[in-house]
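Structure, as structure tokens:
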Amino acid sequence: MQLGMVGLGRMGANLVRRLMRDGHRCVVNDVSPDAVRALEGEGATPAFSLEELVERLERPRTVWLMVPAGVVQETLDHLVGLLDPDDTVIDGGNSYYRDDIARARALAEHGIRYVDCGTSGGVWGLERGYCLMIGGEPGPVERLAPLFRTIAPGAGSAAPTPGRTRTDGTAPQGYLHCGPSGAGHFVKMVHNGVEYGMMAAVAEGLGIIKHADAGLRARTADAETAPLSDPEAYRYEIDVAEVAEVWRRGSVVGSWLVDLTADALARSPQLDDFTGRVSDSGEGRWTVLAAIEESVPAPVISAALYQRYESRGLGEFTAKVLSAMRSEFGGHAEKRSGADA
Amino acid sequence: MQLGMVGLGRMGANLVRRLMRDGHRCVVNDVSPDAVRALEGEGATPAFSLEELVERLERPRTVWLMVPAGVVQETLDHLVGLLDPDDTVIDGGNSYYRDDIARARALAEHGIRYVDCGTSGGVWGLERGYCLMIGGEPGPVERLAPLFRTIAPGAGSAAPTPGRTRTDGTAPQGYLHCGPSGAGHFVKMVHNGVEYGMMAAVAEGLGIIKHADAGLRARTADAETAPLSDPEAYRYEIDVAEVAEVWRRGSVVGSWLVDLTADALARSPQLDDFTGRVSDSGEGRWTVLAAIEESVPAPVISAALYQRYESRGLGEFTAKVLSAMRSEFGGHAEKRSGADA
Amino acid sequence: MQLGMVGLGRMGANLVRRLMRDGHRCVVNDVSPDAVRALEGEGATPAFSLEELVERLERPRTVWLMVPAGVVQETLDHLVGLLDPDDTVIDGGNSYYRDDIARARALAEHGIRYVDCGTSGGVWGLERGYCLMIGGEPGPVERLAPLFRTIAPGAGSAAPTPGRTRTDGTAPQGYLHCGPSGAGHFVKMVHNGVEYGMMAAVAEGLGIIKHADAGLRARTADAETAPLSDPEAYRYEIDVAEVAEVWRRGSVVGSWLVDLTADALARSPQLDDFTGRVSDSGEGRWTVLAAIEESVPAPVISAALYQRYESRGLGEFTAKVLSAMRSEFGGHAEKRSGADA
Amino acid sequence: MQLGMVGLGRMGANLVRRLMRDGHRCVVNDVSPDAVRALEGEGATPAFSLEELVERLERPRTVWLMVPAGVVQETLDHLVGLLDPDDTVIDGGNSYYRDDIARARALAEHGIRYVDCGTSGGVWGLERGYCLMIGGEPGPVERLAPLFRTIAPGAGSAAPTPGRTRTDGTAPQGYLHCGPSGAGHFVKMVHNGVEYGMMAAVAEGLGIIKHADAGLRARTADAETAPLSDPEAYRYEIDVAEVAEVWRRGSVVGSWLVDLTADALARSPQLDDFTGRVSDSGEGRWTVLAAIEESVPAPVISAALYQRYESRGLGEFTAKVLSAMRSEFGGHAEKRSGADA
């Protein structure tokens, strides 16, 4: 098939490469002309404006947006004047699923189809393929199946699920039509919430193992902090990198995230390159908002989100209030305050 | 009654003052002779050693320890050689209740009685009285009732509980024999766990109100961090100090902790004197350990404990592991990393 | 002053009574004519329709809505056609603060003033007074001061804050103009979030004390559940009702919520009348949503919210997924599954 | 090598089978003679008592215990009288690592070596191999290397870690000597803690997706519960089983646990066979205890632990206290109570 790609960042460019490798033809556009030229050198058709992109696509056109969430709307506003009925726009980025509902409705008024597609795989997707979570009307989603099949990892990328008896469905190939508009980004949003929780579980575990030497280190012996009750039980100096490596094989926690953690620790055993200020993009937050609105408890994913907030020092005023209270009832300055009374 | 006080820190000295005001006689000892002389000037009988203290007490003696948890054991070891059968030692500090069980047993071999007494009230106890949570055998606890009555706030310090029909019991006077050895410190331990949770609830709430102006402040517009979805909904500059003050009257969250918070914010509206590194002494930790062993969920108290850990930067390695993972799958350095893939 | 009250539930009726006691004149309306007549018997002017209510009020009129959040909008829609410029509507219920912003704007188009007022105090407010958190333009808020002064508990209801030096401000009287439209309900929303956290802290603590007898009870000795590691450390049968009572005096956790808990336990020591299905109204949820959007960590309040969800069984499917996973890797049925492998 | 296996449950029996397949000789013992005979039929040497087992092993003997944690101590007490200096006992079960320290010390007095070995892999280990986390002195651990190599999955079971430059170390083969006595079970303990967190993350995510249809279901319209604010945003009926299937390929959350979840959902899309009462064995609890003692925040793993407690109804009294408080300040019975005041 032919596809127009808008946005040639790491994800967009690799999607184009993966599509071209499999014989699809791509017209490519980016705010950076250099990015366009780079992919032209790899066989793509260049387009230095949206107008040019639209012009070079055969009807019904297929335009895939792989741009930051913050510029999706303006890109759509621009495109809507250029496209024709029955053309399809795919938002492959990390938009909020509620925006999809509104956007699909707005484009439908012009006869333009809208598909939301959550795309997971990171920088590894070029080789591994991307997991695709898709929302929208059945018609355009089915028309785009050849693209999804190419982008997704394919059935061979994991062993068959033993208990699976149904033989239809595309999930084993790594892409899934989840439901109407927004359903793709909804599932991708929750996917990222799960990601937060899994990452936090691994990180906390390795943190606990790292500090298994607490009994070997002198701890400030003031009234401020509880002393370690059993220092002799925390005298292990365990090689955290090797633990991550061994968990990659045969263990219950085996996962791609553990694979990546093992890799990071192999490169930098103390992780000195990192400050530990962990960003969060919108999807973790939205997942928690959805849980709260649906009345589904999500303590683990929420804790993972707040852990990221804490890592960036965002709880500072809250902590100051705690210190102030302790000072009030204990009668001490923060540093000298005694036991909680 | 006559009482020997070992440990003349803020809590110990104020206990002595409150007891003397009510006509009790106190023999006082401390590692600092100056502290002993200061209370001698207020009418107490000085004792510059444990030997002298024991000598000056009439039998059966009553010795109240108000020393750091870390020196209780050595003080007991010293005292056990000086005391006689039927003397009583009270540990009024913040010992771990499990230590009480062992200590009561050890002292019982010498016929010495042991009472554990959790003491809440902080620097305000001199005027307000102290809430006492007591463990030990009924005999010595009953013998000490005159002391407990003086130290506790008394029935008039709070309105009667409307639904209370039983007329026995000392709880309305502010002291309670909770059970056998360790029960007093167990209840005090949990009291402090509750304190952690209540403090955190107030502090988080005020933090949220403080940041109700988020929509007025520019937020870094990078792919790192989710933008504020509705900035116009966060345009309030609310006077947090006045909020604490108004909550003191008629509201459901009215409490001594809110009173203290209002006071701290009245003195320092931005809490600039505090760094927000919040210490934790043993009792919060032990409360969570007890919950886990009893199989009782305690998510709120645990979250409050971890919040204190986070405030001191103790999750740093864990956060570095998170950053490392994000770098691995996103292919970026920590500062430039894009959306979670 | 004269005030029209719409909604004569427990809160609305008691507000009217408290206002009339202090000499204010009230016109009262409710969907139930009986409720109107009951207050007529206590001296209020009856109004059996909104039309009648508006007719009987002197201009500029003051109408206080004390109706369920779900019917505020329709009531306003009705009122807007009846009121005149410079009349004021107060929403004293638990509306979402974002709705206030829209409503104030809509009413302003008709010259009608809108004030949002969070009202805390529950069924005790008639005697204790209500804590009022107010949002809106300064003009109408100032005009209503005589009403707020009567409804609030007054300065004498709590001891002065020692560190408070400013002599202006109404917070010490128990009411506070927090900011523009929505600010009152915003602060009330967070107030309720704090309430969730404080309640949970107290409840968890008493739960831990209640189960301090875990070592006395036989625990199923299967591979399913971890055995109690130190049963001898959990042999206390502590009177939870008396603990709540003693914490009311002199302790750091002293609070109205502990007062109420002591009362409930005095009436029903085992709380047999309760099932433990804990409802949550909107404000706890909204507080967490605000924390997440502001990027302020709120782990304690969130945990308290989820605890309520769990108490109503809302995590059932999630738990089934956990059981299913354990079954998959452990090879057992739910009831027979062994140790986590 | 030759090995004596004590305990022929699923794990023990499969370890024997995997060892024999690779040419090792096994003497097997179990409390059930049938279990012994069954493995005899597969080529093992039967031993119907520990005495017989010890007799049939060549010196220095190697005895692997695969028995419930609760009977390890008595088995060791029995074995210590039968073994000779330089014999080695391996505890391959889920003992608490602190017990290992004491046991290694006690056996060392008789010259007997003790190795603790955390074994992950569940019922799948026979085919996939087991991840082994080993503690003890270097001597015996090295002597046992041929056994560990057979039991572990081997290097080919996962792709090499790209960043790994060191060529020594056994972790890539799936077994790791983590440190002195207890280190193996310490790492296995934390492994299971991570497992709790990862499982919870997946389960919560699927729960949120399952309830994405909340807007399609009527919700009780009472004052008890917050209404769904945007029902039109929750109108998705998403096939949770297919989501788990698609996440197996190319996504960041790809993991063995997601594989197993997909399998469970393929077999039973509604998980009707499960009640959702999730057990917890000791290792999740111990992980949290270690985190607290080390002062490392572990909010995610703790939340996962409490989620299991909640699933078994263990928070009931705590929830009743909450209901009682709401009743007190709201003046309602549990079912009829209105908004939080």
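The chains carry the letters A, B, C and D, assigned in the order they are written, with residues numbered from 1 in each.
Everything that follows uses one rule, which is that a contact is a pair of C-beta atoms (placed from the backbone, for glycine too) under 8 Å apart; a residue touches a chain by one contact, two chains touch by 3 or more.
Quick caveat, the model's predicted, so the values are computed rather than measured.
Q: Spell out the chains that contact chain A while also contacting chain C.
A: B, D
Q: Farthest chain from chain B, going by mean C-alpha coordinates, please.
A: If we average the C-alpha coordinates per chain, A ends up farthest from chain B.
Q: Could you work out how far chain A has to rotate to sit on chain D, using CA atoms and steps of 5 degrees?
A: Superposing the C-alpha atoms of chain A on chain D needs a rotation of 180 degrees.
Q: Would you mind pulling out the distance in Å between where the CA atoms of chain B average out and where those of chain C do?
A: Those two chain centres are 28 Å apart.
Q: Could you put a whole-Å number on the gap between the CA centroids of chain A and chain B?
A: Roughly 42 Å separates the two chain centres.
Q: For chain B, which residues are shared contacts with two or more other chains?
A: 120-122, 125, 192, 195-196, 200, 202, 204, 207, 211, 225-226, 229, 252, 256-257, 263-264, 285, 293, 295-299, 302-303, 306-307, 310, 315, 317-318, 329, 340-341, in rising order.
Q: For chain C, which residues are in contact with chain D within the complex?
A: Residues 9-11, 68-70, 93-94, 96, 119-125, 192, 195-196, 199-200, 202-204, 206-207, 210-211, 221, 223-227, 229, 256-257, 260-261, 263-265, 268, 271, 273-285, 299, 303, 307-308, 310-311, 315-331, 333-334, 337-341 of chain C touch chain D in their complex.
Q: Could you list, by residue number, the parts of chain C that touch chain A in their complex?
A: 252, 285, 288-289, 292-293, 295-299, 302-303, 305-306, 309-310, 312, 314-315, 317-318, 329, 340-341
Q: Applying the document's contact rule, which stretches of chain C touch chain B when the two form their complex?
A: 97-98, 101, 120-122, 125, 128-133, 152-155, 157-159, 161-166, 169-176, 178-180, 182-183, 186-187, 190-198, 200-202, 204-205, 207-209, 211-212, 214, 225-226, 228-230, 232-239, 242-243, 245-259, 262-264, 266-267, 287, 290-291, 293-304, 306-307, 310
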